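Dropping a structure here in structure tokens format, bear with me for questions.
Chain nomenclature is as follows: A, B, C and D, assigned in order of appearance, with residue numbering initiated at 1 for each chain independently.
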Amino acid sequence: VVVIERAVRFEEVDAASIVFFGRFSEYAHEAMEHLFSRIEGGYPGLILKRRIGLPAVRLDVKFLAPLRYGDRVRIETTALRIGNRSATLRYRMFRAADGALSAEFDHTVVTTDLVSLESCDMPSDVRAVLEENLEREGAAP
Amino acid sequence: VVVIERAVRFEEVDAASIVFFGRFSEYAHEAMEHLFSRIEGGYPGLILKRRIGLPAVRLDVKFLAPLRYGDRVRIETTALRIGNRSATLRYRMFRAADGALSAEFDHTVVTTDLVSLESCDMPSDVRAVLEENLEREGAAP
Amino acid sequence: VVVIERAVRFEEVDAASIVFFGRFSEYAHEAMEHLFSRIEGGYPGLILKRRIGLPAVRLDVKFLAPLRYGDRVRIETTALRIGNRSATLRYRMFRAADGALSAEFDHTVVTTDLVSLESCDMPSDVRAVLEENLEREGAAP
Amino acid sequence: VVVIERAVRFEEVDAASIVFFGRFSEYAHEAMEHLFSRIEGGYPGLILKRRIGLPAVRLDVKFLAPLRYGDRVRIETTALRIGNRSATLRYRMFRAADGALSAEFDHTVVTTDLVSLESCDMPSDVRAVLEENLEREGAAP
């Protein structure tokens, strides 16, 4: 499991004064970029130099407790499933102050050639990072 | 079914040059605001005057075809399920030019008192709009 | 003068419950995209096919009255100045309900080759649209 | 001078593949929130508990060098001017890799009672933070 923590930003809340639900996708992506910071060149290198991306094909998100301005969010990232060309990442997002689970965000991505926008085999360094963070069945996260 | 169409905006794409997956939540919310424009005061009146909101508790999204800058997106909004205090909205998002289904976005919301952040009974005018747009089983959308 | 009007969106306000000041840049760009919708292929054609962009080099913005969720904003776009490779656009942004001037947003752009990121001569169709909307000195907007 | 450094995020670039100019306002606000993290309760406490905000009344921004995905940006925050109820903050934003000045962003704010949306006297702790970071004339930043 890889962990980041960051403050809720001033402009991330909506007219109901809680973090807009679309912002959780930005939090998820930030956690994923952090996860892949350990490959050579990081996620920017993958996207810009190797022209391989990980576009989302599926989201399955449960929102359990709202976040507000002034909160900090702790995001724990694991891999739920790793296939040949796809994987499911899970982000557990907690309110840092009280440890309440705010969202459980499952994000299925497909390794994709960004020139043709066709799926491609998962690069070995991407796979290695995912395998290192794979949730083992029955294991506590 | 209620339909809106809008252009992909210049800043909605990401470093892979396709619309960022988090932007689809903004498209979904825009379609929902449009759906509820037919209640008295619209969605702003519900939020700001009556202090009732519809925060998301669940998302289930399939991404099928990317959107790019220059595309227009047509969003068809229906209700999949209507409960006492919750409902699931479905947004089918199409690339307007070729009619390709870009995303199927299921959005479960709970009618919520924004002061206490507790769930509350669904207001009758909210329910009426949803029932008017309920998908009937076996029916083509 | 070219005019658009649009609703303030649910997620455009910040933790102070007014439209976040950075959002006015999105409003400005939306108005500029609309202005250039009258050239062949529109602004997307300019960016993606002709690979010419109009990046900002200067902003000069006065904020006069806040916008809130539920407001509509009317944006009047003119050209203040047209040079060989640059121009200054002015967006006057009004609260539609009471006509209050919310922001006066001056946006200086440089016509730029997006491959080299060097400035380039202003294309004639871009110039024609600007000249059509040039503010004449002493004239009321 | 107070300094933060952060990565350009995946979704912060636009269809021209450079950071969208509106994003610099988010960078500026992030730097301001960081600046005021040294007052009791931080900026969230000021906004949510004391109900005092610092809405922008003026921006004066020069863009000098583009930022791209993969860049890091270093932001140096100072106060240019401190009045009774207003102040001008300056954010110098640098590309961290080569030290190029990307933007010089002057941000004039007015201390404002968020209930009445009227200006109010600047709180002494806010003033103290600004004075600590005031640029002295003739001094190198």
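Everything that follows uses one rule, which is that a residue touches a chain if its C-beta (ideal position, glycine included) is under 8 Å from a C-beta of that chain, and two chains touch if they have at least 3 such contacts.
Treat the numbers as computed from the prediction; the structure is a model and nothing was measured.
K.L.:
Could you quickly compare C-D and B-C and let me know which has more C-beta contacts?
P.N.:
C-D
K.L.:
From the mean C-alpha coordinate of subunit C to that of subunit D, what's the distance rounded to whole Å?
P.N.:
23
K.L.:
Would you mind pulling out the distance in Å between where the CA atoms of subunit B average out and where those of subunit D do?
P.N.:
That pair's centroid distance is 34 Å.
K.L.:
Calculate how many whole Å lie between the centre of subunit B and the centre of subunit C, each centre taken as the average of the chain's C-alpha atoms.
P.N.:
28
K.L.:
At least two other chains touched by the same residue of subunit A: list those residues.
P.N.:
10-11, 15-17, 20, 22-23, 26, 29, 44, 47-48, 69
K.L.:
Considering only which chains touch which, how would you classify the arrangement: line, ring, star, complete or other?
P.N.:
Its topology is that of a complete graph.
K.L.:
Residue numbers of subunit C touching subunit B in their complex, please.
P.N.:
The contact residues of subunit C facing subunit B are 7, 9-11, 26, 29-30, 33, 42-45, 47-48, 69-70.
K.L.:
Under the stated contact criterion, what part of subunit D meets subunit B in this complex?
P.N.:
Answer in residue numbers: 10-11, 13-17, 20, 22-23, 69.
K.L.:
Please name which positions on subunit D make contact with subunit C in the complex.
P.N.:
15-18, 20-26, 29, 44, 47-48, 53, 55-64, 66, 114, 117
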